[in-house]
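Input: one structure, supplied below.
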Amino acid sequence: MADRRDLNQLGLNAGKKARLHRILHHHGLRNGTALFLPYDQGLEHGPRDFFANQEASDPHYVLRLAVDGHFNGIAIQIGLAEKFYWDYAGEVPLILKLNGKTDIPPSDHALSPLHAGVEDAVRLGADAVGYTLYVGTPAQSEDFAQYRQIRAEAQRAGMPLVVWAYPRGSAVGAKGGRSSFYAVDYAARTASELGADMVKVNFPHPEMRTGVPPSYDAEFSAQQAIDAVVRSANRTLLLVSGGERAGDQAMLDKARASIRAGATGLIFGRNVWQRGLAESLRFVERLHDVLSEAKPRAGATDPAR
Amino acid sequence: MADRRDLNQLGLNAGKKARLHRILHHHGLRNGTALFLPYDQGLEHGPRDFFANQEASDPHYVLRLAVDGHFNGIAIQIGLAEKFYWDYAGEVPLILKLNGKTDIPPSDHALSPLHAGVEDAVRLGADAVGYTLYVGTPAQSEDFAQYRQIRAEAQRAGMPLVVWAYPRGSAVGAKGGRSSFYAVDYAARTASELGADMVKVNFPHPEMRTGVPPSYDAEFSAQQAIDAVVRSANRTLLLVSGGERAGDQAMLDKARASIRAGATGLIFGRNVWQRGLAESLRFVERLHDVLSEAKPRAGATDPAR
Amino acid sequence: MADRRDLNQLGLNAGKKARLHRILHHHGLRNGTALFLPYDQGLEHGPRDFFANQEASDPHYVLRLAVDGHFNGIAIQIGLAEKFYWDYAGEVPLILKLNGKTDIPPSDHALSPLHAGVEDAVRLGADAVGYTLYVGTPAQSEDFAQYRQIRAEAQRAGMPLVVWAYPRGSAVGAKGGRSSFYAVDYAARTASELGADMVKVNFPHPEMRTGVPPSYDAEFSAQQAIDAVVRSANRTLLLVSGGERAGDQAMLDKARASIRAGATGLIFGRNVWQRGLAESLRFVERLHDVLSEAKPRAGATDPAR
Amino acid sequence: MADRRDLNQLGLNAGKKARLHRILHHHGLRNGTALFLPYDQGLEHGPRDFFANQEASDPHYVLRLAVDGHFNGIAIQIGLAEKFYWDYAGEVPLILKLNGKTDIPPSDHALSPLHAGVEDAVRLGADAVGYTLYVGTPAQSEDFAQYRQIRAEAQRAGMPLVVWAYPRGSAVGAKGGRSSFYAVDYAARTASELGADMVKVNFPHPEMRTGVPPSYDAEFSAQQAIDAVVRSANRTLLLVSGGERAGDQAMLDKARASIRAGATGLIFGRNVWQRGLAESLRFVERLHDVLSEAKPRAGATDPAR
Amino acid sequence: MADRRDLNQLGLNAGKKARLHRILHHHGLRNGTALFLPYDQGLEHGPRDFFANQEASDPHYVLRLAVDGHFNGIAIQIGLAEKFYWDYAGEVPLILKLNGKTDIPPSDHALSPLHAGVEDAVRLGADAVGYTLYVGTPAQSEDFAQYRQIRAEAQRAGMPLVVWAYPRGSAVGAKGGRSSFYAVDYAARTASELGADMVKVNFPHPEMRTGVPPSYDAEFSAQQAIDAVVRSANRTLLLVSGGERAGDQAMLDKARASIRAGATGLIFGRNVWQRGLAESLRFVERLHDVLSEAKPRAGATDPAR
């Protein structure tokens, strides 16, 4: 089992370290792992995502769920943050999601426009900001340009930057698809090269091999793949996302492999709130069980050698 | 016994509420009270304050004391914050003291110049900023002008503003002195009128009556005085400072009266660290005993629920 | 054998001269030559480049290699610089690579977007910045526009500007290809015309003649070609890049011809770290042997003495 | 013998660490100590300081002395830096002195106006900036205000900030004088509280006791005094200045006591260049002998605990 | 006889070198010396200075004199430059004097306020700017602050900066007076320390010794004094001003001693135009005779070759 990353060894400035310490050690299990609740699907997919559990349409309900479920943070867009976060300000960390888009137009030139900036996150008392980077999109130049601005502001404000690193665009489809080991591994590394403090990726699928570069066109187990992805992220903490709702056991397996690989945590939305409250909390408890197995980094070496 | 102030009822924006929630409910006794450790005496008085306990000359030692003593925050200047806070970032809230001065030149026109701004506090992950306002100084105009800038920035950044409200200047001396009930009461109200979120005052001395206005030239008990001061601060949370080292029992009596009056907490420096570590921690324990007697505001209604 | 360029004769301002002096005379062989380690392949090609030697996936390992191998500098992107350079700050010069892209989308309109600026390089204590200029790309206008900004900032900050001058785009393919003598020679001159202080080019291939202009459609030896490229770069110091891993002897021949031509140095990445540590260091030693043969400019007079 | 400070344990950002590493480990004895050559006396006192050795009037001569004497840096004003540093750019680190004044008008309200900014230091390739802070001056507010600007710029640029911490003004005279243990100790602490990375002080005189606070009105040896001053500076590296030319043996004793106390180094100007070249270099050699006795910090503890 | 300074050896950037080359090698004797015509007395003293030769009241007349007398430049204020320079633009170099004042109020706190900036000089096609610095004035802080701005702009614009370095203020009077060797020597050095490209001083009077520092309280010949002043200016080119009209022979002696000392030239106004045209031109011819005796720097090596 890989070691958890020690906040002293990540090259963080004081503000980022203070805020990540709060997220990882003052909330959730307080053991350096994280369970985040993403709640931007109302913009990204529209209200259809709430049909399975109509209560989840209410941001107040989901914030309450984040508090009661002892999540390490909730990720929401500026509009919901402005109107709903005050109610629970400080009770659960806020990750202000800075960009987002609807899924109505086609996504072959995917680009996620900004809706807010780091100064909004500071003002609202957020402990991190989130940015969706579409790795491999033909709109790479515009994407990197707006990302650069956010990265620089986050650095100056000591605000942790969580990158939703999503492979997208026709070239991605032709080289194995969005969730191939190749695409996810490249996405994690890209986030690291570009200065993300945390990166959110889908669980890698090593069996998606059609069109991938030769190095990835070989037999890899799921564990080998997620191990490599954590390595590619190096000092950028890795979060595995749940994606569409799937069977609980599959989710827990994915979670367990990720934690074993050294991931810092999970960011599960639909798999959590697309069911009734009691059931949601029970599932959260099982996720916490997985996170509680994480071992702190043993024999941590001095960052300065 | 007065009720503790409820954060939902203070007219705070989301960021200030989030940060005060962290200070008051994720640190110390987690019951809405606060015990702060001020450590700017090296600038305000010089190293002579460390002669009683040489270890206290080392900021690392004092930060460690703040962590181990479960303080709700430590107040330091920019220089120490830049070089020492990283070591414990997030483990104890940082109150970045924004202004300060040496006591070498005479203080008849007392003015405390700025050394840092709210953006530094944001960058370092601080949960509040501190500003020394010399209530009554002939340099009032410059003081208020630079204070105004800080207040506005703090409001924009959702950063709680703690005002060290200190009566100073020759006029103060002629009207009862720095610690008279009159001067302290006026200072608390001034901070409240000017938008402080917390105000730090000396414990009022109702017996200092020479030259005070008629209304204060009457018999008041210490408890009546501190009750009035808390009332003058209204939605600005009140902190009572320890000042020069004095007998422990006197300090505890002062603390008890303050808490009984509804003060939010204590900010004790020299009385804590001008002795050996074990003794410091024992005294902190006794202060915590006093704070633990504080009752949460009864019947507080949650406006958001 | 051509003479090394003397820093006093390059039209440099004080800051650029100071920083280049540090790179060329306080590191590596300290004889005015340079061996740089480029490490941006994780972004440019993805983690597949690390499959040959998994350790090389870890930026800390590669930084250590740069220090232990006595390199004159390491070229990395902002994300790795922020999180890893502190560990070895000052022990090996940092060349902050300012732009970069993934190779997922097609490169027919190649453009390398900015991720950082000269102010980041200053802040991190870098001794140079790197910029990839795609000479010949149809996106030339955008490329030159963002390059201009960087050039001007670098001039103001006294920061040496290293240009990765890479022929790219369909027109290049039709006129001899990326590594033809024609394309490399034109790229070197373009960097010089546009104010680069150092230029990184591939070794020119005079035998790639299909479609090149008549002047280049003749018999040239490899030595003649690299001699011409160094001449085209004039006061812009020339670095020859290693490119994909190839046989050691071929690399050493390339290196020797370059140094003989008057190139300032080599910038070899995959050929160095795509093997185990001991083997890497042995290869570096052989490269140093080549660089140690470089003669300082004969009869160079020191204007300041 | 006290330990040398380890650059990993000073709370420095990457740029400051890189530049201090260069100063302390790539120049002089390369053992973490420093010998600096200050050369701003032509402005501070006028050309009379050069009458003892006319050659010292020529900045080129003094820069050459800094190079040949293996100094760790030379501190000069903007005018000399603009016109003379290019000649030796990178050969000896430049400390750009940012403020300064003539000694013609009286100094009772001493204030040293700015002549350059951190951006000039960046542009010239300097490795540090210097600022004269007149601790105790009645012009404290203006001094602190312009200092604050420089401190913030230096932090953003990763540029080490060396503070000339000089007690000045009538209040200082009345409380023991400029070089009393009290005044020097307070000055060192003030620089530390306000974020200096290095502080230059005069050697403290514990026997100057007239008017000092009670804590300092006791018997202290010179060694005890300098020990305390180093402690007051804590993570701010301490430099002891030579002041007016005095006997060599007295200077060496002062140097030895400082190094024994854990000071990082010496900054000696007139004592060095107010004699012929050969004699200057001989004296430098004796200073280097003292610095070579400095022990690296033994058993350095991890900065993160 | 001292050597003329070579423009290649002054640490000038390209723009300053180009403009000084024009002044020194395309005008006047074209031998690297300079004869300037200052014409700001109408502001500094009022029209009384024109009573001796009423024609000199007309700027057009004086500009024509500058052209016909083959001066290397004329120094005028913004108002005259705006309205009169167009007539002879390019025929004689313009030195735009940027600050100036009337002599009506007392000058104990002398400060010369700005009337124009470097951008005006660029717009008008000037080849240099002039700034009056009152060395020793109690208004030193304001003076240095506005000077700093001009120096920085001139550096950025490649515009030579000529400093009128004038000792002024009560402290100067008490220490030997405005034209003492001590005061002039200090003024020349101050201009050099603060980055002037040329400095205009009065001829030093070593016999003014009342109140000067001990080093200056000795027997010095006029030649020794002016030799020292040129040395103090080092790479800042020295101009000797004529001051009030005096006997021609005295003026020529002063000029000869200055040139012998290595001064670059003379800046004579009232001694030139306070007489009829023909007589003015005859005197100019005699000054040119003196300047023609100046020897170019022997054995100067070209740094660029």
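Going in written order, the chains are labelled A, B, C, D and E, and every chain counts its residues from 1.
Here, contacts are C-beta pairs under 8 Å (C-beta built on N, C-alpha and C of every residue); 3 or more make two chains touch, one makes a residue touch a chain.
Being a predicted model, the structure only gives us computed values, none of them experimental.
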Partner chains that subunit C and subunit E have in common:
D
Could you work out the angle of the rotation that brings the CA atoms of subunit B onto the matching CA atoms of subunit D, rounded to the nearest 5 degrees?
70
Which chain is the middle one, judged by CA centres?
D
Looking at C-alpha means, what's the farthest chain from subunit A?
E
Separation of the C-alpha centres, subunit B versus subunit C, in whole Å, is 56
Per the centroid of Cα atoms for each chain, what is the distance between subunit A and subunit D, given in Å?
48
Would you kindly tell me how far, in whole Å, the mean C-alpha position of subunit E lies from that of subunit D?
36
Where subunit A and subunit E are represented by their mean Cα positions, the distance between them in whole Å
67
Scan subunit E for residues touching two or more other chains and write them down.
none
Note: in the complex, subunit B contacts subunit A through residues 13-22, 25-26, 81-82, 85-86, 89-91, 94, 119, 122-126, 156-158, 304-305
Subunit E residues touching subunit D in their complex are 10-12, 135-138, 140-141, 144-145, 148, 151-152, 155, 167, 169, 171-172, 175, 182, 185-186, 188-196, 213, 215-216, 228, 231-232, 234-236
So, in the complex, the side of subunit D touching subunit E is made of residues 40, 42-43, 46-48, 51, 54, 57-60, 77-80, 82-87, 100-102, 104-106, 111, 113-116, 120, 142
